[in-house]
Each structure stands twice: as C-alpha cells, then as structure tokens.
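Paired with subunit B in one complex and with subunit C in the other, subunit A is shared by the two complexes that follow.
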Partner chain A sequence: MTWYMGIDIGSAFSKGMIVKDTEPVCFHILRSGINYRTTANLIRQELLSRVNLSQNDISDTVATGSGANNVDFAGRKVSDIICTARGMNSLYPQVRTIIDAAGQSTKLILIDSHGRVTSFVVSEKCAAGSGWFIEVIANVLRVDLNEFSQLSRLSKNPVAFSTSCAVFGESEAISRVAEGIPKEDIAAGVNKTTANKISSLSKKISLEEPCTICGGGALNTGLVQAIELELKIKLLLPPQPQTLSCLGAAVIARTSSS
Partner chain B sequence: MEETLKRFIAAKQSLYDNLKQWKKASGKKIIGCHPMDIPEEIVHAAGMLPITLMGFDGAITHATRSLQPTIACNILLENLEMCLNGTLDFLDGVIFADVCDTIPILSDIWLRHSHHVLHHLMVMPKHLNSPSSRRRVSEQFLRLKAAIEKQNNKKISDRDLKHSIGVYNQNRRLLKRLCDLRRCKPGLLSASDVSTVVTAGMLMRKEDHNQLVEQLLLELENLPVPTSDMHVKLIVSGSLCGHCDSVLSVIDAQGAYILEDDLYIGSRYFTSLTNEYIDPIEALAQRYVDDIPSPTKFFDANAWANYISNMVIRDKADGIIIVMRKLCEIHADDFPCIQNKLNNGGIPCLMIEIERAGVSEQDKTRIQAFIDMLGVQ
Partner chain C sequence: MYFAGVDIGSTMTKVVIISDKGDPISIVKGPTGPEHRSLASEVMNVGLTQANLQLNEINYIVATGYGRFNVPFSDRQITELSCHAAGVHNLFPDAKTVIDIGGQDAKCMKIENGKLGDFVMNDKCAAGTGRFLEVIASALGIKVEDLGAISSKSTRDIQISNICTIFAQQEVVSRLSEGESLENILAGLHTALASRVVALAERLSIEPSVVLTGGVAKNTGIVRAMKEKIGHDIRVPEEPLITGALGAALMARRHVLDAIKNNTPVVTSQRRLDKTTLLYGEH
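Right, the complex of A and B next:
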C-alpha cells in the first residue's frame, strides 16, 4: 500500500486529499485565511490523523494552487489547471471540458482521454465571473453560500445586472435591495451574470462535451443551472467538486512516483 | 559569475543615480532615447551618452493629467511622469521615434513641460517595401545628426560614426554570445539574468558594458553545463518598448528555459549588426530597414508572424509565450496574424498582457499551467 497526498491552497479555500494506491481515502477543506503555511500544515495534520499515519508514510506530496509555494512539505508543485485535469480524468475519463468555477477566477480546460490538458482559458484580472463576485453579493443579501444557491432557484424573475464587475455589482445589488426586489431574483441575477461571463470565456475555446464543472462554484446549483442554460449543455457534477485539484495533485504524486 | 552579475544588477537598479554621478564626474552629456528604433550610434558618435528611457516603478501622479491612461501604455506614462516630476532633469536631451500614434503626442507634451536643450522627434516611414523608404530613413537620421551637431556646435564625422558603429556592433556580438550560452547551457543563466545584463547596457557607456559582458562570458564559458531538470523549451516574443521581468521571473521559477526571444530588452536590441564598410548613415538606415520584423515597420502583414513561427520551428521549442503590453495597439494589430500562424502550425502559444502592476495571479497561473502543459504531462 502506498500513500500519496495532494494539497491545493486556493485564494478562498484550501483542500487536501490522501489517496491510497489509486483510491481517494479522505479529504479536508479549510478556509485559506491569511497564513497559507499554517493552513497547509493544519490540513496535513488533519488528514494524517484520519488515516493514522505520519508524514514519513506518505510517499510523495504534490502542492498546487495560488499558495502552493507555502506548502513546505510538498515534493513538488504543479499548476492547478494540470491537477484539476488529472483529478477529473481519474473520476470521469470521458470528460473533455472542465469548467473550474473557483474563488478568484474561472478556468475552462480542454483535456484529452489521458487527462492531458490540450488548451485552457482563464478569466482576466478582475473578479467578474468568479466565486468572489457571488460571495460579495451573498454578503449584501446577508445569506451564506448554501442559502444563496437555494434562494436563486426560487427566482421567477432574475435581475439583469448591468455589470459583471464585483465592485459595481455590489452597488447595484444594494440598489436592488433598496428597491425591494426579492432576494431570490437578485441571487438568480448574479448567477445569470456569472454564467454569461463563463459563456464569453467559452467563446475563446472549442467546448467539447461531455462537460463538467468543479470548484466551489459547482456547489451553487443555481449557478450550475444558469451555465447549462447559457451554454445549452448538460454538466456532469462530480462529488466533492472543490477537491478535484487536490485529487489531481495526489494522482500526479502517484504517477510520478511510479 | 555572481559577482559580475551583481554589477549588472547594480547598474539596472540604480537606474539614474549612477548616471548622474557619471555626468558630474565626466562633464559629458546624456541623451534619453525613448523606445524604440533610435540610432544610438549617432548620439554616441557626438561624444554623448545615449540611455534608454524604460519607465519606473513609482507612483504616477502627474502624467495622467496630460496623457490619458486609456490610450497610453505604461512605458509612455512612466517616462512622462519622470519628465514631469523632475527625475529626468539631468538629461541634456531626449529623442523620440514615432513608433506608435501616441509617441508624437507624448513628444509634444514633453516639449511643453521639459527644459531639455535637445528635443527631437523622428518621423519614420512605416511602409518599408518601397525604394524611397530607405532614402526617407536616411533623411530622418541625417536630420537627427544635424540637430545634435547644432546643439553641440560640433560636426559628427563619418570616422566617429564608424567608430561608434563598431562599438555597438561589438556589444551586439557579445550579447548574442550570451544568448547562445543561454540556449546551449540551460540552467546557467536565467531569463531574468539575461534581461538584467541587456538592461544594464542601456544605462551605461557601451564601452564599459562591453568589458563587463566580456568578463561575464569568460566566466560562463568555462563553466560546465549544469545538471538541471529544465525540460520545457520556450520562445518568448514581444514586450515592445520595455522589459517584462515579471513574466521572465515566473518562467524561471517554473523551470522552463528560453531558447530564443525577440524581446525589446532582449534579442531585438542586438540581433542585427550595422554594416561597418559603407557610408555610416546609409548603414544605420539599412539596419533599420533590414532588422528583424517589428510591428513598427510594415513589409507585409505576415512578416512578424512568420519570423516568430520560424523561431519556434527552427529551435524546436515546445511553445511560445507572447508578451503584449496593455494598450500597445501596434502589437495588438499584429497579434491576430501571429495567433493564426501559430495555431495553423500547431504551435502551443500563450499570450500574456502586462502593465504597471506586473503579472497578475491569474496570469502567473496561466504561465505555470502553460509550462506544465508542455512539460509535466
């Protein structure tokens, strides 16, 4: 039995996974906070305690994500796009397009049957189309992200936001609240705007089905529906969609070792 | 090697402090050359020191009052800021070439606000595939020469010009050897190191730079090829008018190495030599016309695209990263041709847009993923 670890230090959430040979065994998710090194170590401690192992029992660890450089115990660092692709391929080898709706940015990744990335696009510098925009508006509506998702699905008349900019969007959302627009319509409007942004991104790449979605955005079922409507496709929804990158990191650790 | 590199780093980081001291000690004049395409040899032949104005990292508080940030790239804004805040008061003159539509505007604003004795704007022909083009280029260079002679009250002789051409050619040959080493001994020199060496040369006497580069080459050529796991081979193109150190740092950190480039602070600066055996002004004009393709000069729509594509194929690179300065419309105009050419050739390409703040986290992710895509998988 050989154990491998994958750690994904993201801008909003950090995730870790241990795999045994080829099977995922356990995962852990924490808010990244402001000290990525501490977060990485906390995740490692939690994972190791769950499987009753020490770091020496882990054959290799691969780190990924924007905070990967803070994972001192990782053997190597690999970009999150590659890790996400490999992770998704290990679960669904038939998938050809991945929409990674993450906290800071959105990525569209094309992969081949071996899980190799053939092309990708990443949203530009601003938060438009990313999880951050949704978090900002959820805050305006005084709901958490779970409630936000459920709320948006109740909407019959989504608000049409004039902007996808998180800063201006926040102002617009506050104005809508002041006008008495129902929360669910505002939430649905945000999901629709985010889906539009993802749709624009998809124009830069030749989307190929089957498509899937991962990242924190995949937990927002209202957003998933909005994307499906916008792109006119059916999205495969993996279990624990936030953990695909750390799963992929662990898979790469295993593949490199063997 | 580290000690020699430190001297280049010091020259680059001091920016203008070293130059001010040099001016005080030597009594010589310093002329600022706004990127690109300035025939520095003419300035050098007049006994003055030409330096490249390459922007700065500080706050921009004055420039946006005169030049809209929505039309001007960061190099123009930063250089104008230095003009307006007095940083460049030590210069004795400044020379521009209208490589883009915004440069003449910058030149006009500069003229109103600065007190440089020499202020010269070259208006260069854009279509270079006609017989009259070369003549027009020579005429512009002669105008520049005349302006400098008038300011100095001293003629620039052909002999002095040929000598300066020789000095600059020697610099180009040395820098080319440095880049050849980078290709043949991956891991010996980082992309950032090479950029530092080239940048330093734009801020010091060419004679001094030649000596330093020769010393560095001597040290490097004796070193063995380092064992490295650098396995992704890249071409890097673009970054007109300024450096792209933030992109190069990410490439270095990700373990890829650059086989060849056509960066402004890179091979574009030194690839072509000037003919030392013909009339010097004609020779400089010939170099201008026959230099590696540039969006500032038009031969045919695909010239630059073909050049870039050939670099990748010839060097058997794994892919190419194109660095585009935000709001550089001449680069943006050429990019669709370049992208089509690369896509049709099945050449993996990543375009990164840079501006003042350097490389964003998203762009770092893109560069890292691109390199991993070419290598790790």
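Right, the complex of A and C next:
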C-alpha cells in the first residue's frame, strides 16, 4: 500500500488530503490564519493521526495554493489550477469546465478528458465576486455561511446592488438592513451580483458542459443556484467542494512518483 | 437678495449662502450621517443663523450632490458636476480642468466658457475615491486627516501592487509585518490613489490650470502625488469641500438674475425645514 498527501494553503482556508493508491482516505480543513506554516503542520498532524501513520509512511507530498511555499514537508509545489483540474478529473472524468469560487479569486478552468488544463481565466484583481465579499455581507446580516445560503434561497425579490465593489457593497447592505429590507432579499441580491460577476468572466472563455463548481463558494447553494440561472446551465456539485485542489495535489504526488 | 446652495455628498453636507453680489456670507459643513439620513435641514439652520437670515429671506435655493432630491426646502436640483464647474470657475476663472475626489466617487470635469464641458466619473469602485483611504486608515487605526502629515516623512517610494481597496488593505498589513515603515506605506498608498484618479482624468485631456477639490484635496500627500502624476502644478481652493455648494448658490443667483432680466416670474417651491429620509431610487 502506498500513501500520498496533498496540501492546499489558500487565502482563506487550508485543506489537506491523504490518498491510498487511488482512493481518497481522509481530509481536513482549517482556516489559513496568519501563520501558514503552522496551519500546514496542524493539517498534516491531524491527517496522519486519523490514519495512524507517521510522515515516513507518506511516499510523497505535493503542496499547492497561494501559500504553498510555507509547506516545508512537501516534495514539490504545483499550481492550484492544475491541481484542481486533476482532482476534478479523478472524481468526474466527464467534466470539461470547472468554476472555482475561492476566497480571494474566481477561476474558470477548461480541461480535457485526461484532466489537463486547456484554458483558464482568473479574476483576482478585485474583491467583487469573491468569497471574501460574501463573508463580509454574511457578517453584516449576522448569519453564518450556511444560514446565508439558506436565506438566499427563500428570497422572491433579490435586492439589486448598484455596484459590485465589495467596499461599496458592504455599505449598501448596511443601508438596506437599516431600511428594514428582509435578510433573505439582501443575501439573494449578493449571490445574484456574484453570479453576474462570474458570468461576465465566463464571456472571456467558451464554457463547455458538463460544468462543475468547487471552492468554498460551492457550499453556498444560493450562489450555485444563481450561477445556474445566470449561465443557463446545470452545475455538477462535488460532495466536498473545497477539497478538489488538495485531492488533485495528492493524485499528482502519486502519478509523478509511480 | 440672498441665494443658497446645498450640497449633500455621501460623507459631508455643505451649505453656502451668498449675497446678490455673489459674495459668500455663510459657509457650513456637517456630516451627512451614517444612515444617509438627511441632515440638510440642520446644516441649513446653522447657515441661516450665521448669516442672520430667515429661510423665507433666501430668494432661491439650489440643491446638489447625490442626496439633492432629499432637500425639502430647495427650489431646484442641479447635478454636482455643473455646480462644481460653476463654483471652481468663480474661484479660479482660468481653471480648465477640475478633479474632484469625494468620499465615494471621483470625477474629472472640463470647464468651457465658465460652464461644464466634458466629464468622466467613477462611482462603481472604491479604489480611487476617499473611501480607499478611509478603509485603510481605519484598519491601521489612523485618522484620515493625519495621513498627509505622516506620509510627508517617507524616505523611499514603495509600490502598492493591488488596486482593489480590500486587497490593498491586506497588502498594507503584510508590508507592515515585513518591517516597512508606516510613512513609506502611506506615501505608497497616496501614489496608488493618485494613479487611479489620474488614469480616470486622462480619458479627457488634462489642461492647465488644474484645480483639485473634494474632501481628499485636504490631504497634502494626495496633492503632492497628484502633482507628480500630472506633471504640473495643481491648485487647491482654501476650502476644497464647498465648491459644489458655492456653485449651486451661484447658479441660484444666475437663475434669479436671468428671470429679472427676462421679466419672468421666479417660482420657488413650498419649502419645509424639517427632517426627512433619503428617497432611494430617485437619484
């Protein structure tokens, strides 16, 4: 039996996974916090203790994400776009387009049947449309992401936001709360604005179905629904949408050492 | 005769009352308030007291700014673009370009024959507006009014690579933790804001003389950075916040003088000096 590890240190959350041969065995997710090195080590310890192994039992580790440099115990680093593509391909080989709704960026990735990236677009210059924006508004509404998502699906009348700027959007949300607009309409409005932003990004690339969504944004089912409505497509929703890139990293660790 | 201009901005409300010669006899500024509730009436009351006048002694009142529809005692509403152009032209008759950096927007206006010509504006993105500095100053626990003085002690140029206010704020925090000095970081932020505003203004031709207005013009660090980016001198009114309200008052005066000349009646509205709430969707 051979074990491999993938670690993804993202801007908001860090994720780790161990695979045995080709099968995912366990995963762990933590907030990235301010010290990425500590976070990476905590994830490793947790993963190893769950399968009752030591670091020496792990044949290879691949690190990815914006904080990949902080994973001292990784054999090498691979870009998160490539890892997400490989992870998704190992789960759903038929998928051709991935929407990655992450904490500080949004990516659209086109892949072939081998999980190779054929094209991608990234939006990372602006907090509009990012998971960060949704977290801020959830804070304004005093709900957690889960409640935010459920609230948004109840709305029949989403609030229209005049800008997609995260800073102005926060003030707008506060004003709407003060006016007594129901929380669900504000949450749905934010999801709609975010879906619009993703839709305008998709115009730079030709989406191919089947299409899937991953990243923390995929946990927000209200957002998933809004994107489906906006792009007029059905999105395949993986069971643990935050773990695709660390799964991919572990898969790459296995492939490159065999 | 007396005329008044009321400018309801996103952050500050300004009132200017002028005499029939066009000289300001009362200038008042007050915060617009966090819930966008109009404080226009309160600010106007202070202005009237200062000028020792009653509301019905003002012949004509023009409201401007993004909250202009919420002034229950104004006779007419005119966009802040026209009012800024009129106000700046009055203070600097040779001004050709006005750059106004407000609390939530930035605009560049050309003045042609004393009136508003072409203009560009940004109110969709916080980067390049006063809000950019407010967000970062509050994250650093610094007062916005101190930013200019602190940045003047910078020892080297640093570049803030993020445009987005949110990402720039995170960049600033990580730069500080890397040991960069606050002075240098603030100077870098001023350069970043100036680049963004100048890029907007360059969609028009920036002809001298250039006048910088709006609350952000009080920040000496921004004025310095703007001069560097534009490549020539910039003038700042003694009170850069009130050019819109001054322009509104001047337009009120022009309206009445024109009516007298053409022998047409001056119609004023039913003025109410009470508090109301901002009517959303009307601006």
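Brief remarks follow.
Methods note: the second predicted complex is superposed on the first by the 257 of 258 C-alpha atoms of A that agree within 3 Å, B and C clash if a C-alpha of one lies under 4 Å from a C-alpha of the other, contacts with A are read in each partner's own complex, and residues count from 1 in each chain.
Keep this in mind: contacts are C-beta pairs under 8 Å (C-beta built on N, C-alpha and C of every residue); 3 or more make two chains touch, one makes a residue touch a chain.
Since this is a predicted model, take the numbers as computed values, not measurements.
After superposition onto subunit A, the modelled positions of subunit B and subunit C overlap sterically. In the superposition on chain A, A:Arg50 contacts neither subunit B nor subunit C.
Contacts of A:Thr163 after superposition on the shared chain: subunit C is touched, whereas subunit B is not.
In the superposition on chain A, contact of A:Gln104 is made with both subunit B and subunit C. Once the two complexes are overlaid on the shared chain, A:Lys125 sits against subunit B and subunit C alike. In the superposition on chain A, contact is made by A:Ser175 with subunit C only, not with subunit B. In the superposition on chain A, A:Lys203 makes contact with neither subunit B nor subunit C.
Only one of the stretches 207-215, 225-233 or 261-269 belonging to subunit C overlaps subunit B in the superposed arrangement, and that stretch is 225-233. According to the touch criterion, the shared surface of subunit A, contacted by subunit B in one complex and subunit C in the other, consists of residues 104, 125.
Those residues of subunit C that touch subunit A in the shared complex are 35-36, 104, 123-126, 131-132, 135, 162-167, 280.
Across the interface of their complex, subunit B is touched by residues 11, 66, 78-82, 104-105, 107, 116-117, 120, 122-125, 252 of subunit A. Partner subunit A is touched in their complex by these residues of subunit B: 360-366, 368-369, 371-373, 376-377.
Every residue of subunit A that touches subunit C in the complex is listed here, in rising order: 104, 125-128, 132, 163-168, 175, 178-179.
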